[in-house]
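Below are two complexes that have chain A in common, paired first with chain B and then with chain C.
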Partner chain A sequence: MSGWDLVTLAAELDQAPLASPLSEALAIAVIADVLRSGGVRPPSVAEWQALVAGARRGPTVLRFDLRREQLGVVAHALQSTSLGAATEAALRASPPTDPTAALEEFLGAVFPLTAEMIRSNRFRREEMLRRWASTWRAAIAGETAAASTERLGQIDYRKALVEYERAEKARVEEAAKRAEALRLAQEAEAAARGWRE
Partner chain B sequence: VARAAFPPDVIAAAWRDAQALWETRVDLSPPEALAKQASTDWGGNEPLAYIDLAIRQVVVNFPLLAAIAPGSLAAVLAHELGHHLRFPHTLGLSAQLAVLEQRLIPGLKQSLTNLFFDLQVNEEVGRTRAAELADVYRGFLRRDPEVSPVFHFYLAIYEELWGLPAGSLLPVASEEPLERQYPGIRADARMFAQTFWALPSTYLQFVYFCSRFIRYIPVPSAHQLRVPLGGDVPFPGADDLADALYGNGEIERALAEGAERGWLDVVPGEGTDPLVTANRVTEHLPGKERGKLREALVSRHYKRLVDRHLVPIPPLAKSQPDAYLPSTLSEWEVGDDPGRIDWTASVLLSGAAAGARPVQRDLLPEPPDTVGAGPVAVEIYLDTSGSMPNPTQSLNAMTLAAQVLAASAIRKGGVVRAIVYSTESRVSPWMYDEDVARRSLLHFYGGGTEFPFPVLDRLSAERADVVRVIVSDSDFLYNVNHDAARKVLLAGTGRSRRMVALLALGSDPKAALATIGPAGQHPAFRLVTVNDLGAFAEMAARLAKGLFGA
Partner chain C sequence: VRPLGPPLRIKRRTAWELAHRPRLDEIGAGLRRLAAQADEDAARQELDRALRAAVAVLPRSPYYAACLRQHGVAVGDLRGLADLTALPMLDRAAYRSAWDALPTGDLAGAVVVKSSGSTGEPVSVVREPFEQLHMWGVLGFWLTQLGLTLPPRPRIVLLDPLPSALEYSVRVRVVGDGRGALHRLSLLHPRVRERLERADPAVIFGDPVGLHWWGRVRPRARPKLLLTSAQHFAPTDRAVISDPVVNYYATTETGPLAWECLTTAGVFHVLAPDVWLESVAGELVVTRLRPTVVPLLRYRTGDRGHVARHACPCGFHGWSIHGLDGRHACAFVRPDGASVDAWQLAALFKQVALDAFQLEQTARDRFVLRALPFADEPRLLADLDEALRRLGWTARTIARAPVAPPVGAKPEPFRRSFA
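So, the complex of A and B:
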C-alpha cells in the first residue's frame, strides 16, 4: 500500500531542526507555493488574513500566536523535507474543493500544539504530520484508513488532556492521603529514633 | 530446549545485531549462560539477563528466555547493552537518582531506578525491536499473570509508546478493575508516554517519573517489584553514593521545575539528614551487603564533618634558632665578633700574649628539645549511652567530637585508641589509620552510662605517655561521684601525659570540678565544657589544636 512514510518524514525532520521561527509572510508564501505546485489555487491574501485572524475570535491572544507558530512549523517541514513533494502529490491525487476550509480545519485540529511541542516531542510531531495528511486525504504507508484513524485518536493531544483531567483529579485526592500517611510515619520514625534535644 | 533454541550461530548473530543497534562495538565478552555463573544465589529470582561488570561478561538466562520469548534474544542483548552504554551513563548518576528518589518517595523499599533506566533503554531498542520486547513482557505475564498496579501502569506506558492497542501486553481483564481503583490510569499512561521522553534532562525525567509512579505504589515501604529485564543495573557503590548524599544544583533545578509544572505539590526539603538517606538507599540490599555499605557511607559522612572542623593550615617555615652552645676553639681575627672571644681559653693557651692572640669559641645552635617529642598517643573514652543517638542513624555530636580528636592526632603522626563505653565497653587496638579509627568510634551501645574506671586504671598503668580524653556529658559526673572512682581518676591522671574531660554540661564548671575531686586539681587535668551539643565538634577541634598543634 502506498502512502506517506511517516518514519522517513520524522527522520528528515530530526535532521532539519527548526532553528528559528519562520515569519508569518514567509510561512504563508511557502504553503501557497506547495498548493500551487499541487495544482490548487491558494487562499487569497484576505483569506490568509482571515485564517490567521480567525483565531482572534478565540478566547485568548495566544491562539493567534499559536496559529502563526503552527503555520511556521508546517512551512518549515514542507520546505526542508519530502513533505512538500508528498503534499503536492496528494493535492494532485485528490484536489480539495475548498483549500481555505481545509486549512481552517487543520489549524483547528492541531490546537493547542505549539512549535516547541512539535519540535521536542515525537508524538506531537507525528500528530501534526498525520493531521496534515488527513487534511489532504493522503494515506499513511502500511496502514489501513481505520488504523490511521485509530492511531490519530491514540495520540490526540486534546483528547489525552481531557482524559488526563480525571487522572489528575484522582491524583490530587490520593496525594493528600499519602502526605498524611507519610507525616504519621515520619513522626513515628522520629519518636523511635529517641534523639535527645 | 534452551540449547536447541539458541545454537552458537544464533547467539553470535543476535550479539552482532544488538551491537549494531547501538552502532558500536563493545569491550564485552559474548553472551554466556546464566547457569555457568553459579557463584550467585538468586533465591529463585534469576534475572533474564545482565552484564557482570567484574568479568565484563553478558549473562543470559537461556532457559527462561526460551520459555517466554525465544525470538527476542537480540532485543534482550540490545537492552543489556543499552544499560552498559547509555542508561545509566555512570553509576554516579544512578546513585544521584537513588538518593533523589528517597526525597520524592520517602521510605521506598525497592529502588525504581532500574525501572527508570529500563524505560529509557526500551524506548531506543523499541524503535526497531518493539515486537521482540513486547514478546518478553507477554511471555513473562503468561508465567506470572498477576499484575500489580505499578506494573500495570508500566506496561500500559509501553502499549502507548509502541502504539499497541490496550490489552496487547496487559491482560485485558486487569484494565477495568485498575481503572476503577485508579481513575484515569490509561490516560495517565498515555500522557506519560507522550511526555517522558520529550523532557530535556535526566533529572527532570526522573522527577516526572517518580511523581507519576508514586500514585501506583500505595505503600512505598513495602514496594517490591519483579519485572522481566529488571534487576540488571548494578547498584552504585560507596564512593558514588557518598558523593550523591549531598545532591547537586541540577537536581534542585529539576525539582523546582517539577513543582512549577505541577508534578510536585512542593519541592521536597533539602534538609534530609544524609545519615537517614544513607540508611534508606541501602534498605533493599541483603543484610551483609547493606551493613557494609551503610558503614562505609556513614563513615564518609563523618569524615566530611571532621574535615570541616580540621581546616589544614600550611605550616610556617621554621626560623633557625640562635646559636649559643659553645663548641671548638679557633683564632680570633680582625673583623670577627669580639663578643666571641673566650678570654679564659686565650689566657690558658697563650698566657700573657693572650691579648695579642685571642681565641674564639664557635657557637652551635641547640638541637631540638626531644623531651615529649615523637608521635602523640591518644586514648579517647567515648560515652555512647542511650542519651545520645546512634551515630549511624543521626548525627551524634560526641562521636563527631571524638573523631575530630582522633583525626587530628593521626594527621600529626600520632596513634589513637578508642574506648567506647556505655554499660559495657570496648577497647580498640592502637590505630594508625584515620578511617579505621573513625569506624571504631562509630560503635554504639545505647545503654546506661558507666564510665569504665577499671579500664582506665589498667590502661594508664600500662602506658603513661598518653593523652587521655573523656568525651561525655553530665553523666560522667554521676559516675565519678564516689571515692573509689575519684581515686582511679586521680591515679589515672597522674599516669597520663594529659587527662582531659570534654563534657557537655549545662551546669557551672566549678561545681563539676568539685565533683571530680582531687584529680581536678592535678596539673595534668583539664576540664573542657560545652554548653551546646552543636558546638562539641568545634570545641574538639580547638582542643586538638591545643593538644597536638593540629
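So, the complex of A and C:
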C-alpha cells in the first residue's frame, strides 16, 4: 500500500529544525505555491486574510492567534522536506473542491497546537502531519484508512484539552478537601515498617 | 537509651491492613509472573498495559496535569513504554518542591514521610495506605521465588544499628498466616542478642551493619531470610552469613526497585511490573507502574547503572541493573581503628531543614559539618555528638563550617579525608 511515509517525514523534519518563524506572507506564499504546483487554485488574498483571522467560526482568541504560527510550521515543512512533493501528488490525485474550506478544516483541527509543541513533541508533530494528510485525502503508508482514523483519534490533542479542563475543574472544586487531607497526612501516625529504603 | 531526634508516632492499630491483603497478594503474583516470563514481547505487552493504566489518572495530579499541558502531551499518546520519552524527567529537586502537587486524589489514611536525607535534601513523600504495606507484598514474592515458606505466627525483626535507638513491636496481619509480629530491635540497647533469640524471627530486615553484627555474634536463631538495603552490601559480607540474604535497592520516593541476584553478584533484578527502569545517560530513571495515588513517571534516582534484559542462571527472566552505583560508601574510623558505616548518621539529618550538607571526618576524633546556617543547628549538633559517642567515639570534636558543601555529580554527604 503506498502513501505518506510518516517516519521518513518526521526524520526529515528533525533534520530541518525551524530556526526562526516564517512571516505570514512567506508562509502563505509557500503554501499557495504548493497548491498551484498540485493543480489547485489557492485561496484569494481575502480568503487568506479570513483564514488567518479565523473569521469563519470559533470563539477563542488563542485559537486564531495560533494560526499564523501553524501556517508557518506547515510552510516550513513543505519547503524543507518531502512533504511539499507528497502534498502536490495528493492534490493531483484527489483535487479538493474547495481548497479554502479544506484549509479552514485543517486549521480547525490543529487549533491547540503551537509551533513549539510540534517542534518538541513527536506526537504533536505526527498529529499535524496526519491532519495535513487527512485534509488532502492522502493515505498513510502501511495503514488502512480505518487504522489512520483510529490513530488520529488516539493522538487528538483537542480531546486531551477537554479532559484536562474537566480534571482542572474537579481539582479546583476539591482543592480545600485536598489541602485538608494533606495536612492530616503530615500529622498522621506513620505505619510501623520493618524495612529500610 | 534516649532516642535521638523528635518522637515518632507509630500506628499500632493494624486491623486496617487486612483490607489490602488481596492486593498485596496480587503484587506478589505479578512479580512472579513477570520473573517467569521468558517471552520479551509478552512481558512488554503487560508493562504497556500497566503504563496505560498508570497514566490514565495523570490529569488528576496537579503537577502532572501542568506538565502534560506544558509539553503538549495527551494521555492517549502514552500507549507503551517506548512513548515515555515524550515526558520530561522529574528530578529530586522538582519532587522536593512539588511533592504535595503529585497526588491524584484520595488521600484518606495517607501519611507524609521524609526521605532519609542521605543527599542532604530530605524529600516529603505522600504514602497512601497501600503503599505503606507494599513491601510486604514484595517480601511474599521473594519468599516464593526462593522456595521459602513462613512458619505459623511469623516474627519479623528489623535489626537496627541507627543511633536513634528506636524500638517498637506491632502486629503484622498481612504476612504469612496473618498472625505475625514485627519487632524493631536496636543494636544500641542492651541484651539485643538474647531478645533476638527469644523472638526467633523468620525474617530479618537490616542493613550491612546489622548483618555484620549478625555474622559476628551468630545468635542462636535460624531465620528463613535476611534482607538488607540502604548501603553497599559486598559479596564478602554475604559470604559470612549462611542464611539466604536478599540485598534490595529502594528509595523512599519510589519504594523497592530491584534485588541483587543470589547467583550472580552485582546483578539487580528489576521488580517489574511494579516499576520500569530506564538508564538515561547512565542514570537510573524510574517509572512506577503499579496504580498509586502518587504517580511517578521518569523519576531520576541520581544512581547510576545500565538496564538490560536477560535470562539469568538463577531462573529469573526480565530486566536487570548492571553496574549499580548508588550512594558512595563511606566508613568513618574510630580511635580504636574500627570502621563504622557513616550512613548510620543519615537519619539524624532528615529531621532538620537543610538544603545540603557534608560531614567529613578529618582525623580519628575530629569531624567537620559543612552546611549553610540552618534552624535547629544546636539540636542537630547535640544529636550528632551523642550519636558518635554511642558509636564508639569516647572523645570527639565536631567543627562547624557555615559554607555550602562542594557540588559534584552526586552529593557526597559523608566523607573521610584521612587514610
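The working rule: the second predicted complex is superposed on the first by the 155 of 197 C-alpha atoms of A that agree within 3 Å, B and C clash if a C-alpha of one lies under 4 Å from a C-alpha of the other, contacts with A are read in each partner's own complex, and residues count from 1 in each chain.
The rule is simple: contacts are C-beta pairs under 8 Å (C-beta built on N, C-alpha and C of every residue); 3 or more make two chains touch, one makes a residue touch a chain.
Values in this document were obtained by computation on a predicted structure and should not be read as measured data.
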- chain A: partner with more touched residues, chain B or chain C: C
- Which of the two partners, first being chain B and second being chain C, lies in contact with A:I155: first, second, both, or neither? both
- Task: Pick one for A:T114: touches chain B only (first), chain C only (second), both, or neither.
- Result: second
- Message: Shared contact residues on chain A, chain B side and chain C side combined as an intersection?
- Response: 120-124, 154-155, 157, 160-161, 163-164, 166-168, 170-171, 174, 178, 182, 185-186, 193-196
- Task: Show which residues of chain A lie in contact with chain B when the two form their complex.
- Result: 120-124, 150-151, 154-155, 157, 160-161, 163-171, 174-175, 178-179, 182, 185-186, 193-196
- In the complex, go through chain C and note every residue touching chain A. 8-12, 59-60, 62, 65, 68-69, 71-77, 79, 83, 86, 100, 103, 105, 107-113, 115-116, 124, 126-127, 129, 132-133, 135, 156-158, 168, 170, 172, 182, 184, 203, 205-207, 227, 229-230, 250-252, 255-256
- Which part of chain B faces chain A closely enough to touch in the complex? 106-107, 160, 163, 165, 182-188, 190-191, 193-195, 197-198, 200, 214-215, 221, 265, 386-390, 393-394
- Task: Give every residue of chain A touching chain C within the complex, in rising order.
- Result: 113-114, 116-117, 120-124, 154-157, 159-161, 163-164, 166-168, 170-171, 174, 178, 181-182, 184-186, 188-197
